[in-house]
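Consider the two complexes below, in which chain A is the common component and chain B and chain C are the respective partners.
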Partner chain A sequence: MGYNTLVYLILFLPAVLLVYQLVPQRIRKYILILAGYVYFYICSKWLVLYVFGTALFIHHIGMWEDVLKKKCAAEAKGLERKEQSLIRSRYKRMERILLIFGITVLLGVLGYLKYSNFFEENLNLLAAAMGRDPFFVVTKTAVPIGISFYTLQAVGYITDVYWEKQSAEYNLGKLMLFLCFFPQVMEGPISLYQQTGEQLWNCRGLTAENLSQGAVRIFWGLFKKLVIADRLNVLVKVVFDKETDLHGSVVIVAAIAYTIQLYMEFSGIMDVVAGSGKMFGIILPENFRQPFFARSAEEFWRRWHISLGVWFKTYIFYPVSISGPVKKWNRFAREHKLGRHLTRSVLSAVCLLPVWLANGLWHGPRWSYIFFGIYYFVIIMAEILVTPLRDKLLEKLGINENSRGYTAFRIVKTWIIVVVGELFFRAETLTRGMQMFASIFVSFDAWALGGAGFEAVELRVVDYIAVLVCTVVVWIVDYLKEKDRISTEKLASLKTPVRWAVYYLLIFGVIILGAYGAGYQAVDLIYAKF
Partner chain B sequence: MKPEGKRRYFLFFLILAAGIVLLSAGAELLARTNPERLRTRNLNYSLLKKEKENSIDVLVAGDSESYSSVSPMDLWEKFGITAYDIGQSGQQIQGTYYMLKTAFQTQSPKLVLLEGNTIFRNPGELKYFENLLLEELGYYVPVFRYHNMWETFVTGERDWRVTYKGFKIRTKIDPYMDGDYMVETEKSKDISPFVEKYLKKIIRLCEAHGAELMLYSAPSPKNHTFKRHNKLMEISEETGIPYLDLNMRIDELKILWDEDSLDGGDHLNLSGAVKVTDWLGDYLTDQYDLPDHRGDDQYADWDALLVEYRKAVEEETAEDASDEDETDEADLEA
Partner chain C sequence: MQKRSEDGDFEKNRAEIMSNKKAAGRILSFLGILGILLFGLSRASVLMNRSVHPLFNYATSGIFAEEKESIDVLTIGDSDVYSGLIPAKLWELSGITSFSWGEPAQRPPETYSYLKKIYQEQNPQVVFIDVNHLFRDEKLSDNLDSITRAAIEKPFPVVLYHRKLDSFQNFLAQDYTITKGYLYRDDAKKPKMKKNHFKETGKITAIHPITRWYLERSVELCRKNGSSVVLLYIPTYKEWTYSNHNAVMELGSELGLPVLDLNLEMQEEIDWGTDTADYGYHLNYSGAQKVTDRIAKYLEDNYDLEDHRGDPAYQRWQKDSEAFRGEVEKEILEKERREKERQMQGA
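Right, the complex of A and B next:
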């Protein structure tokens, strides 16, 4: 049940809202838990036991960590400082073992369900290359929805308890709701326990303000998804599904179309998700902040799928950056006067490599995703490495770094980086991605755009116009948001006729312009498969 | 909430509802007056509504197997029966239900032929439910069905493919070569609970409108099996609705798989459809009390269409099946 489906929008969500409002306040949280599990069950049937098992598991690990912390404090009480530190380090070791155990189990389940086929297939290929019989019989495993999302939340929670950023939660219900709040289940955002744990449990009553702001956000999301993304899907699918040689110009257009499609779809669905949360008075973490205004690849990733970036930064980048070897390198660099740039570059490389490998792998068991991760690693490293050189060059040429022209240049450069990245991301295989990329340089034929390249695309000129106009509308809204001139709150403060006109435009825009019904195929959510 | 606030919300939704009603009325009107602006699936609804009231005696419902197997113009010419193919490519059972409901708005047919292939579609309960909501919305609030008509108005293009009471002339031949496909078995194919429910609703709908219902299976080696035959027989026994499996009468029908198949045993082409129609005409006149309207002035337009149909068939056959011979997007999924 995607968040763009009628079943969700006109049945599930309203039904939950209604029941939520009708029952007494103390029961509401259980309604939300139930709704989450029903949602999960509808999508993944009995695999819902995985998410329940995960809640049970982290509940237990959290309490266990807490017991160790309390025991440690009790034993250390009244002792000399030296003995205290001995006891502390003994308990810390136990806690660390426990944490590693917890993470191993959580990631183990994720790895087994999502990646075992990939490793089996690749080891079989290796066996074939060595002229041996295959190692494994590859069987397809059923994967519960949203496992990549809720597993990260679960790992985050037990790590936070270990770091004492978060006290252990003894209430199983709270953790169940934290992992399985229905608008978040399928595509995130990946939230930290501090962000949503308590908030979800408070269950305030519905208010007209929250309902209307939530609804506006939902319609805005549907506009992006139904009007733009689902139209572009027609073109993207035809070109990317082709197995024959493509002209470079066609590849470029398709890659741009896919980049726009992915943004409209993912950010659109995130609007529906955030809007659904808002209706219950829940503020979910934002996943997008006008990513196409980013001036570098690194900044792009601080604006695109933010919750994933924050997770990697918190639970991979940060721990690696304070790990023993990195500290040693810092000391070594200082002692040998290697200079700030080199020290920082090596440090970044060491900390960023696991982040980007994880980013690629997180999207799924495909070489093209791993390549996608490495691609960004290389680009971001290049951005870091050339910074001093670039600064010098700018100084020599007398270019102001913050000037409009230079900023525009950087933004366009980032677009190119992103579009190329998405080309590899979408291509059926890594080899196909390489072929398509190469075609830009070997057989770029602008005339192909008019003919052979798009003949199978069942879009009409008006479809392209609709996409173009609506993309411009989204771009303008994004621009206003970037300049902080527009927000849901500001919209709410407009005079009634103006505000209503905006609402009606949005609602009728979706109904009339949406690419649904005859002539269009319903498009399943892209991120739901990650 | 303050009373003033309540009034405001009421007004907001009132304007919204008025807008939707207005747009729906407009869309319905435009669809009726400009059917050539509609895309294939929507076209069926609008053309059906244009038919003269209470002029059709037989409705042929189902997915593409239905409209590929019965040619109303041949039924008219040889038996004087007025039939209409209301099937759509890839149609699911809830779609059939709403198509029938649409038909009953203006027609009071004596007989509804339901082709069985649609019963075995199973996209999953969730997809069924989603599609049901879309059908319902489209049925009650036409703006949801005809919303993208504006596109063809902007471009001026026309998407009208000529149909003869829902039937399309398709002469291409792609033979079926894999031999006998009705291998006898005791087993029967399961159908989804959703389909069962909607089948019952269709039965009740036909009863309520005084139309007899008959199940049939068009010859289709690609889709039909003995398991399906058994299931449809079971349904027939349970409900008392007659079932006719044409796959068991291939010889009687004189179907030759190297000339009557459109696409390798999935659908029948024109020649196959004509054979089925000829046989079915005899069968229907024998089993049901269907009036012969030939010679009736009220039905003069059927004769006029028949002349066009004959001409088109001649042209198509003379042209020799070309590559352009169309196969609908969703025909292929049928």
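Right, the complex of A and C next:
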């Protein structure tokens, strides 16, 4: 049950809202938990037990960590400082073992369900290459929806308790709701316990303001998903599914189309998710902040799938950057006067490599995703490495870094980086991605655009016009958001006739222009499979 | 002191109730206007599609322009139906009046609701229910989605017609159709052939209980109206599997219905190199002709349907069938001309 389906928008969400409002306040949280589990059940049947098991597991690990912390404090009480620190370090070690155990189990389940086939298949390929029988019989494992999202939330929670950023939660219900709030189970955003844990449990009553703002956000999301993304999908699918040689020009158009599709799709669904949350008065963390205004790849990732980036930064980048070897390198570099640039570059490389490997792998067990991660690692490292050189060059040429022209140049450069990245991301296999990329340089033929390249694309001229005009509309809205000239609050302050006209325009835009129903194929949510 | 605070509470409650009332009023008026706009747009979309029936496939709605109770055989289902059966040819072969009712990606709840509509005007003796569309909604959520859609399409046909809102020429179109639902296509695109496509297996595809429930309602409705029902699997290389076949056979024996799986029966006759318009999803004209021949024979062998050829009351069918043939011949000539032109350019 994707968030763009009628059954979600017309049956499920209104039904939950209605029941939520009708029952007494103290029962509302249980309605939300039930709704989450029903949602999960509808999508993944009995695999719903996984998410319940995860809640139960982190509930125990959290309490266990808390018991150790309390025991440590009790034992250390009244002792001398030296003995205190001995006891503390003993308990810290136990806590660390517990944390590692917790993370291993959580990631182990994720890894087993999502990646075991990939490793088995690759080891079998290796065996075949060595002329031996396959090592494994590869069987399909059923994967519960959203496992990559709720597992990260679970790991985040137990790590925060370990770091004492968060006190252990003794209320199992709260953790269950934190992991299974139905608007976010399928595609995130990945939230930290501090962000949504308490908020969800408070269960305020519905208000007209929240309902209307939530609904507007939902329709805005549907506009992006149904009008633009699903229409572009027709073109993207035809080109990327082709197995024959493609002209470079066709590849470029398809890669740009896919990049737009992915943005409209993912950010659109995130709008539906945020809007659904808002209807209950829940503010979910934002996942997008006008990514196509980023001036570098690094900045792009601070604006695109933000909650994933924040998670990686908090739970991978940060721990690695304060780990023993990195500290040693810092000391070594300082002692040997290696200079700030080199020190920082090596440090970044060491901390960013695991982040980007994890990013690639997180998207799924495919070589093209791993390549995608490494691609960004290389690009971002290059950005860091050339910074001093670039600064010098700019100074010599007398270019102001913040000038409009230079900013525009950087933005366009980032677009190119992103489009190439998405080309590999979407290609069926890594090899196919390489072939398609190479064709840009080997067989570029602009005339192919009018002919053979898109002949199987069942889009009419009006479809292309709709995509173009609506993309421009989204771009303008993003621009106004970037300049802080538009927001739901500002929209709410408009005069009623104007505001309602905007709402009706949006609603009918979706109904009339949406690429849904007969004549179009329903498009599954791209991020739901990650 | 206490009184004042009570008064204060009262005032606050009153203000809250007033503001809630105001908000509720605003929401209701917003929804009211939305409803009116939706209704108006729905009317417009219906006009643009020249049909009072909320259907997407324009030709399909032509059944309501036919004379009452004049159709002998109805085939209903998804796109396979309008790609696979040619009523004009069936008339030529055996003088039977038939209609190919198919909507793209039609779902069983829609089949049931369309059937109810059709029975208000027609009373076919034989109803072929296409089974391919029983395998579309595998999950509970897909089934619920189809039910919701079938429910919304009725009051607000714009949800169904929206794609055609730009086709102003439909204002001028007629409901009545000589194709009787059939969609002519002459492309021939060969699918990737699989080695073990027709290899027997014991596996049985699960049909979702909701899908089955709607099918049973449809069958019940047909039986109540005295129609004989046949489960028909129109050849589709891409979507047919042996385990689907097994599921249909099982369904047929459980519901006491004959099954005609042309995928298996016609595997020698259908040439997937020449008979499909789009890589094995749908049949083209050449494939549909073969299927229509087979259906004509099946009807002759199993049912005692009257041959209306020569009956003055059915003159229009004779004319329509000739007109259809003329249109097809024109299309074929046009295609040949295009081919020649392309060859000339190539040379």
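FYI, the second predicted complex is superposed on the first by the 530 of 530 C-alpha atoms of A that agree within 3 Å, B and C clash if a C-alpha of one lies under 4 Å from a C-alpha of the other, contacts with A are read in each partner's own complex, and residues count from 1 in each chain.
In this text, a contact is a pair of C-beta atoms (placed from the backbone, for glycine too) under 8 Å apart; a residue touches a chain by one contact, two chains touch by 3 or more.
Source: prediction; values computed, not measured.
Participant: Fit or clash for chain B plus chain C once both are placed on chain A?
Facilitator: clash
Participant: What is the contact status of A:Trp500 with respect to chain B (first) and chain C (second): first, second, both, or neither?
Facilitator: both
Participant: Once the structures are superposed on A, label A:Ile42 by its partner contacts, choosing first (chain B), second (chain C), both or neither.
Facilitator: both
Participant: Thinking of the overlay built on chain A, is A:Ile399 touched by chain B (first), by chain C (second), by both, or by neither?
Facilitator: Neither: A:Ile399 stays clear of chain B and chain C.
Participant: Looking at A:Ala208, would you say it contacts chain B, chain C, both, or neither? Reply first, second, both or neither.
Facilitator: Both partners, chain B and chain C.
Participant: First (chain B), second (chain C), both or neither: which does A:Ala142 touch?
Facilitator: Neither: A:Ala142 stays clear of chain B and chain C.
Participant: Overlap of the chain B and chain C footprints on chain A, residue-wise?
Facilitator: After superposing on chain A, chain A residues 1, 5-7, 10-11, 42, 208, 462, 500, 503-504, 507-508, 511-514, 517-519 contact both chain B and chain C.
Participant: Taking the touch rule as given, give the residues of chain B at its contact with chain A in the complex, in rising order.
Facilitator: 1, 5, 8-9, 12, 15-16, 19-20, 23, 38-42, 126, 129-130, 133-134, 137-138, 143-145, 147-148, 150-151, 154-155, 157, 329
Participant: Quick one: in the complex, what on chain C touches chain A?
Facilitator: 20, 23-24, 26-27, 30, 33-34, 37-38, 41, 56-57, 103-105, 139-141, 144-145, 148-149, 152, 158-160, 162-163, 165-166
Participant: Along chain A, where are the residues that touch chain C in the complex?
Facilitator: It comes out as residues 1, 5-7, 10-11, 42-43, 207-209, 211-212, 462, 500, 503-504, 507-508, 511-514, 517-520.
Participant: Per the contact definition, I'd like the list of chain A residues that touch chain B in the complex.
Facilitator: Residues of chain A touching chain B: 1, 5-7, 10-11, 42, 208, 458, 460-463, 465-466, 496, 500, 503-504, 507-508, 511-519, 522.
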